[in-house]
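Each remark here refers to the structure printed beneath this line.
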Amino acid sequence: MTEPLLQVDDLVVHYPAGRKRVVHAVDGVSLTVAPGEFVALVGESGCGKTTTAQAIMRMAKVTAGTITYSGCDITTFSQREMRPIRHEMQLIFQDPYESLDPRFRVRDTVIEPLQIHGVTDNREERVRAALERAGLTPAELYIDRYPHELSGGQRQRVSIAASLVLEPTMLLADEPVSMLDVSVRAGILGLLEELRKSGLGILMITHDLSTAAHYANRICVMYLGRVVEEGPAHEVIRNPQHPYTKALVSVVPQPDPDRATKPQILQGETPNPVNVPSGCRFHPRCPVAEARCQNEDPQLRPAGGDGQQAACLLI
Amino acid sequence: MSVVDAPMTPLDEVRKSPSRLRSLLSFLRKHPQAAIGFVILMLFVFVAIFGPYFAPYGEREQVGPIFGTPSSAHPLGLDDGGIDILSLLIYGARVTLIVGFAGAVVAMLVGGSIGIISGYFGGKIDNALMRTTDYFLVLPDLVLMIVVASIWGRSLRNIIIIIGLIYWTYMARLIRAQVKVVRERAYVKRAQALGATHTRIIFRHVIPQIAPLLLAQTVLMVALAIFLETAISFLGLGDPSVASWGKMIETAFSRSAISYGAWWAIAPPGIAVALVIMAFNMVGTAAEDSLNPRLRVSHLARRHFRLRPLPDKEPPK
Amino acid sequence: MTPVLVIEGLHVWFELPNHKELHAVKGISFELEPGERLGLVGESGCGKTTAILAMMGLLPPTASAAGKIILDGDDILAGGDTTMRPHRWKDISMVFQGAMNAFDPVKTIGSQIQEPIVKAKLAEGKAARLRTAELLELVGISGSRQDRYPHEFSGGMRQRAAIAMALACDPKVLLADEPTTALDVMVQAQILKLLVQLTDDLGLAMIMVTHDLPLVSQVCTRAAVMYAGEIAEIGTTHDLYHKPLHPYTRMLFSATPDLLAEQTVRSIPGAPPRLDQPLVGCPFQPRCDSALTVCASEAAPLRTGPDGHRAYCHLKDTA
């Protein structure tokens, strides 16, 4: 395996929740992304996906753990030291209707990263190239528009163009298509896949397993601040090992009405990360929990196929 | 990647962002009350600028008897010094409007910057600034006016400062709340993720977003400032050397215009103040309304949609 | 069986501020059997919400409508609001798009569920409270929680409460607008199961609006695919998936990633047409991968198949 581009070890992010309590938003997440690799981070809402991405971008305060970017420990970098990293690592936001300044023309949005990082040569050309790389061809057609003059899919492309204009090596995408119509999702995801093929490392956050299954090389399944299963996308989907992953896979609606599904519906919702259950944090909802699950906290260990890991005592 | 979403509108139809004048005109057309207010304001501004050229008499020129009744030569009568009230009113417009604008601008600059800093940075800075704001807020306006006027003296500049001091707190709180919302917007987060400096984010993303609100509030504040100036002058804390409308009312009262039955010494400046305040309010409120349209309709409410016949060329569906 | 609801040539127009007119729903027709679950799918802006708002008689004052909405044999659209009102909530009721976020934060969940009950004069005071508790139990929330405020409920529970509210007056038809969008996969599965159970147990007919085809495949027996204000194709979910007659249906399915299938996912190029201008020919023509020359100029003819399968397309065989 190639040297990872991004390596996160035992990342912990706690937020104060008043009265001496803490939100265990991220509670020991480890993952790696290699160049040319597309990793999907999946899980229910509130399980800490966005917080993980924000901690990697050093926009959320890291409580413990390390973040290594191309061999360099950036966990304790100052905002000034982070600037060159922000040049190479870009974040794409979930909501294309929100992530563009409504007062900025497409050109202003895409040129902003160049201004921030003091790139002065060939700005106009770089902007056009980025727009076309993001699939907005010809660039002239879009460059002078305001966000309200673009469709949702086009806005997300502008957002991606703004991330590409600095020629990054790593993209973090927080639910990049969940606000878009199915008809345009495939276009955006195909674009991300192209970028991956050209050597970028991509970490995509999503709660849509079907999307992860189609585009990611590897999938990390998160539950309540932890990665509970991780492995090659194909294995995780077809041969899930962790009871939570099994349940998640079983409830994905299938487009073919004749394909019988036996959804294994878990009761309740992700518990509140202020009170993390003892032992295996999944035990209150786990359909196969045993007595010891209440006391022992399982760690990730090899399970199932090649390179697959799960954190369950029964494995 | 070859497929691209078709443009929403063909290129030639892409709306050019309307010019400022055009958008002002369309705003006035949509809000008739703002249009009325705007016309009144323009009238007063015109008088304030060019008044001295067409005022019938001088500002300190005795042209008739004390409290002379209105006549064709002096349509609004004369004051306690035999000075033509119409002329005084015309001269006073300039002072009153200047004090109103300047006071509002001071409040806007001070309150606006504190609100922006407080709302944008949050945390300790926010706490400290808001604590300060609270102290000013609980300070009685009257005490503040008397203290400043007696320490620094009674001048136009000091009145403007007093107005700024009294109103910045209100502005600061309002702007802070708004900035807190803008700060959480994804495009601000995106700029942060890109490594943009705070100055850049504040000037490029935050201020343009709150500018309309800032403007609308400043307009509303001019009305308040004019009101306050009148009150200050009425209390005898105004600048003795200039004739604002407030000052006119104050003089009329202190020189017992009422016992003379000289209503014409009090009513015109009073009406002028009321009219200007009303006009600023009309414009400001309309601007504010158009910024936060409250369109939520309860889904239990009755709706009155219309019925119409089927289209002639019924498509076969 | 006689259908409980028949929609015949339903049109809706919106008046725009620039004096133009937007033809949001262009003469759609379909039937709904008692206890049937019908899916209404299509891209954003194709008129799904507008169509079901029209069935509720809840169009805004800028809207005008034409056509027939026949409930149990009576055209309830004929008299406008006057004829719609008696049926709203009592016979046809609705879970709104984003309903879980539409609860008033300062009123208890219970008092908001009671609103339609009291308005319809079905119960008052204690009886209304009892009925509210019963409704909450029906959707899987303990009745004792009716005095809680919306913020004390999770998203999934608020959505259940919104469903309870729609069931308040024992309707015959439930219209559910994107009932699971913005919910998690697991909560989505819970809500879908609840909707299926409710419709089965209460014999309720349901129209479920969504832009997610797999949801429809799992929950509904039939579905209508809308495009640009028209129904492009309607039929059983089996036929739509296996034998689509309209290229749009086929392309929508191939734009949807399938968890277990390897086939590549293809986006549909372009965007739906603007509805504030008259359209010529087949509205899908600019994006269609099988378009013929006639498609640009002539309105697409009706094609039919077994089991009430209908589509409007110039093609002669399956898409």
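Letters A, B and C mark the chains in the order given here, with residues in each chain numbered from 1 onward.
Here is the rule we use: a residue touches a chain if its C-beta (ideal position, glycine included) is under 8 Å from a C-beta of that chain, and two chains touch if they have at least 3 such contacts.
For clarity, every value in this text was computed on a predicted model and none was experimentally measured.
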Touch-based graph of the chains, sorted into line, ring, star, complete or other: complete
Pair of chains joined by more contacts [C-beta pairs], A-C or A-B: A-C
From chain C, the most remote chain by mean C-alpha position: B
Inter-centroid spacing, chain B versus chain A (mean Cα positions, whole Å): 47
Separation of mean Cα positions, chain C and chain A [Å, integer]: 32
Overlap residues in chain C, where contacts from two or more other chains coincide: 267, 269, 271
Chain A: positions in contact with at least two other chains: 151, 153, 184, 187, 190
Residue numbers of chain B (touch at least two other chains): 3-5, 7-9
Chain B residues within the chain C interface of the complex: 3-9, 297, 299-300, 302-311, 314-317
Complex contacts: residues of chain A adjacent to chain C: 44-45, 151-153, 181-187, 189-190, 207-211, 213-214, 237-238, 247-249, 251-258, 261, 263, 265-267, 269-270
For the chain C and chain B complex, residues of the former touching the latter: 9, 11, 13, 26-29, 57-61, 63-67, 77-78, 80-81, 85, 96, 102, 115-116, 119, 230-231, 267, 269-271, 274, 286-287, 299, 301-302, 312
Residues of chain B that touch chain A when the two form their complex: 1, 3-5, 7-9, 11, 14-15, 17, 185-187, 189-197, 200, 204-205, 208-209
Complex contacts: residues of chain A adjacent to chain B: 57, 59, 79, 82-83, 86-87, 90-91, 93-95, 98-101, 103, 112-113, 116-117, 135-137, 141-142, 144-146, 149-151, 153-154, 157, 159, 162, 184, 187, 190-191, 194
